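Labels run A, B, C and D following the written order; every chain starts at residue 1.
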Amino acid sequence: MITLLKDQVSVGGVDLDNHLILAAGVLGTTGASLSRMRRQGAGGVVTKSIGPVPKEGHAGPCLIPLAGGLINAMGLPNPSRNFVPELETLSGEPVVVSIFGGTPAEFGEVASWFEGIAAGFELNLSCPHAEGYGAAIGSNPAMVRACTEEVAAFGRPTWVKLTPNVTDIGSIGRAAEEGGATALVAINTVRAMRISIDLRRPVLGNRFGGISGPMIFPIALRCVYDLYEACSIPIIGCGGVSSAADTIEMMMAGASAVQIGSAVYDDSSVFKTIADELYSPDGVPAAEIVGCAHA
Amino acid sequence: MRDGMPVVVTVREVIDETPTVKTLRFDSEFAIRPGHFCMVWVPGIDEVPMGFSSPGSITVQKVGEATAALTSLTPGDRIGIRGPFGNGFTPNGRVLAIAGGVGVVPLYPLAVNGSVDTFILGARTGTELVFARELSDLTDLKIATDDGTAGYHGFVTGVMDSEIDLLSYDTICVCGPEMMMKGILDRLSDAGIADRGQFSLHRYMKCGVGVCGSCTIDPEGLCVCRDGPVFTGDQIINSEFGTYARDASGQRKRV
Amino acid sequence: MITLLKDQVSVGGVDLDNHLILAAGVLGTTGASLSRMRRQGAGGVVTKSIGPVPKEGHAGPCLIPLAGGLINAMGLPNPSRNFVPELETLSGEPVVVSIFGGTPAEFGEVASWFEGIAAGFELNLSCPHAEGYGAAIGSNPAMVRACTEEVAAFGRPTWVKLTPNVTDIGSIGRAAEEGGATALVAINTVRAMRISIDLRRPVLGNRFGGISGPMIFPIALRCVYDLYEACSIPIIGCGGVSSAADTIEMMMAGASAVQIGSAVYDDSSVFKTIADELYSPDGVPAAEIVGCAHA
Amino acid sequence: MRDGMPVVVTVREVIDETPTVKTLRFDSEFAIRPGHFCMVWVPGIDEVPMGFSSPGSITVQKVGEATAALTSLTPGDRIGIRGPFGNGFTPNGRVLAIAGGVGVVPLYPLAVNGSVDTFILGARTGTELVFARELSDLTDLKIATDDGTAGYHGFVTGVMDSEIDLLSYDTICVCGPEMMMKGILDRLSDAGIADRGQFSLHRYMKCGVGVCGSCTIDPEGLCVCRDGPVFTGDQIINSEFGTYARDASGQRKRV
């Protein structure tokens, strides 16, 4: 298989140690957990999404593994401002703080708490199972633009994470770009649910949620491909990446780096496992393959 | 990824262990090792972690909404089980088990399979002792109650200090309230045998499978659900254990 | 597992022999093939989508099996009006003719050819990879309503098949209902693609296409669940159904019957296989479980 | 469902078999049985069905865009292969093979593995005979050319009628133009041994795996890609075979 040359990686203003980033909300609730993922090979990490007030999240079950993916409706549990001290031991590291809010002002408020601490911000405009947050905002181009502007005003790297659950992801990506995003992250989970036929009720406490993992890889790939044609800022591919080959495929679709979440379920050292296979001294420069499938 | 949909089981029998603790026996069994736990789905309410008290049962103390619902189930009711999860105990040589309250649950299968030589069982009061009769047949059982209504008057650590030759045990398996476990870890540490201790920890759990991060402990970021729930004393001696934990939102709170 | 009582099945005006219907475009290109699926246990069949003029479809590769699903971009190949004689030997059978077109008038024209022949019509407003057809129309509520009205005017059962690739499937379902649909079919394939990393190009001739099969089951289930809350006409669940348990789960989400496509890949007798497990003399009436997960 | 992404192979060698037919030898081999075929992805052009002429090669006649591209590949070029697909031949006893044109491709591996006793090879003209030299070493080879430039002057059916004791063969494996195959089927049928014939059919294929339905044949609705491509004479005697087929859009056309 084709391999990459290990080189400086900088995506949307954030310097990373490799092309493999921990996705938001997966083992990202504490500073210690984020540090562990760094030690286990993540080139950068995104925190759990932090909101304007502490939230406990939805009642359980919150996450169910399926053959080929995970279905979850965590409900954005987060300690809000109390998350700030978690990052103390991570200063100078490529830690991107994920933010959610119900209004542009709320996004701005949360960002302000992390202004001097975060290597960058990621706007969660895409969680498919939190009323009034995430995708509820992320499917409206005007809101996407307004929220992005608010956070981009801090002058720090501003990534915007998109939902696939829209008719035209390209128009949402363009709204983020116009709002000053430095990179797009695609995708968050895909709206989904399962029912327990024995109990005759949805299996998630929140009834429905979103699916992640290998099942959504071909969907995520298509979103990245579409965004690469629609937008001109870098794209970070996310959704079902679990191998070096997946990483290469995402990059060929147009991703400058990838985020990895669900794959920690099968292998908590997945970053190292992938990096070992992905890089080699005689690999090609990443620039040679990013978006090459559009030729 | 393996399919991990909850397995729906029917409650066959409900056994009153104490005024606040009940055992729910199911119509099916799981392939457990002692110390394994499961996520118990109480339909319409929540999903909470529970140790297996046997391959086909859980033993629940009523402390809040989900446990109140569980302890009021009757035969024929159905719940969902995900698991078994976790690493379980790995005892070797002479084994001492120390349990406080419902902490006895994950240790009980260890005694049932004949692995435990000495068992120290503590509770607030005599009527709250769980599995005492069974354990006295299976092990050299020593009892402690906070109020002295049964056995030693005081904490399990008092029994340890007065009646036990710690160094004569190769493995010390422990489960109970965190401050009790901390007291035991301190004693093992003082005796230079923290590594012989196997502590079954409790942290707020949401996914149970090492993905969501809600149960991670500082400073190593280990997941209690997947890297644990059982940790050796030397793994946790320089950790948040005994000091703080996190609630459902991820905020720290003293234990 | 819970089983169903075998009973009369009628969905959106079409009488079926059981709850298991062959989905459009899968082994439905010829009358002989449709007959074979009937013999192999399908309670009803939907034809390949027929359009106003013959089409050869996209250049290959057109379909690639993946672990857990199929990705395809057939490009709606069809013989157009020459399909009429294919149905000669199927008169009186529960054969639903799938139709696509670029305008309401085209839908009406195609429907007119099959007026006396088809047990009903299914409007393909959902194919994700045919420029100007399918989902291009199916994401616009006004167009959905207009096309539905045109075909419903024939007074025959009119099913409308929806795409999941929209922000709000409920609003599209309501548009179909307002246009006179007698049932909704959810879902068509989910926008997706794969890239050959060796050849550095998309693997489908059309570059992107749609994914079907087990990978999309949790997505389809959620769409059915949402439509059950948003609309009041019957829903036919489609997407990843490959077992009796999947069928029951779809029905609990709100489906009155299911369509099955990709599962013929693993088992061309899948209808019989499922029916054998699904029905029993002491099963429950379907009405007891349709939508029961909403309680 | 199994992952069926195309396997990308590199062309190692291009062999001119005739002025219009070339063999492309790859850098990798597939686990084939004689009669298996694959879908060959010619990047940027199309994907078309081709028989395997060996575990590591295809043999292509230039007839249109995709085959023109294939026959102009040079060593180092890469194409994608999905397969092997189909049922393949299942010869038993004494075997007669009859091929016309590139129809020889799927029958060649059968001769290579020693299964064929007698081989009738036909072509339009002497220079268009494919694998004649190899087959003469492997089998009792009889040649027919339409123009008489080699072997028997006429069709392969002429050789059958004049030189072959049909009933002495247990299996008759056939591949070639449909009207040629039809002529052979008629003869087997007349002899009451249609069931001894194994015919490798051609139909328009898109998916290759029995899903899209483009290759189905009337009246049974069998898929040539999955239920075939090899059918016994009695399976197809009362079918569209020899009468009509369907094009890419599904419209019938005479064969």
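The rule is short, and it goes like this: a contact is a pair of C-beta atoms (placed from the backbone, for glycine too) under 8 Å apart; a residue touches a chain by one contact, two chains touch by 3 or more.
These figures come from a predicted structure and were not determined experimentally.
By the document's definition of touch, subunit C and subunit D have no common neighbour.
Centre-to-centre, using mean CA coordinates, subunit B is 51 Å away from subunit C.
Taking each chain's centre as the mean of its C-alpha atoms, subunit A lies 36 Å from subunit B. Inter-chain centre distance (subunit B to subunit D, centres taken as mean C-alpha positions): 68 Å.
Residues of subunit A in contact with at least two other chains: 66-69, 194, 198, 201, 214. Under the contact rule defined at the top, the touching pairs of chains are A-B, A-C, C-D. Within the complex, the subunit A residues that touch subunit C are 1-2, 66-69, 71, 139, 165-167, 190-195, 197-198, 200-202, 207-208, 211, 214-216, 218-219, 221-222, 225, 245, 248-249, 252-253, 289, 292-293, 295. Those residues of subunit D that touch subunit C in the complex are listed here as 1-6, 8, 39, 41, 43-48, 78, 80, 82, 206-214, 216-223, 226, 246-252.
For subunit C in complex with subunit D, the residues that touch the partner chain are 25-37, 48, 54-57, 59-70, 72, 74, 77-80, 82-83, 89, 194, 196, 198-199, 201, 203, 205, 213-214, 261-262, 264-266, 268.
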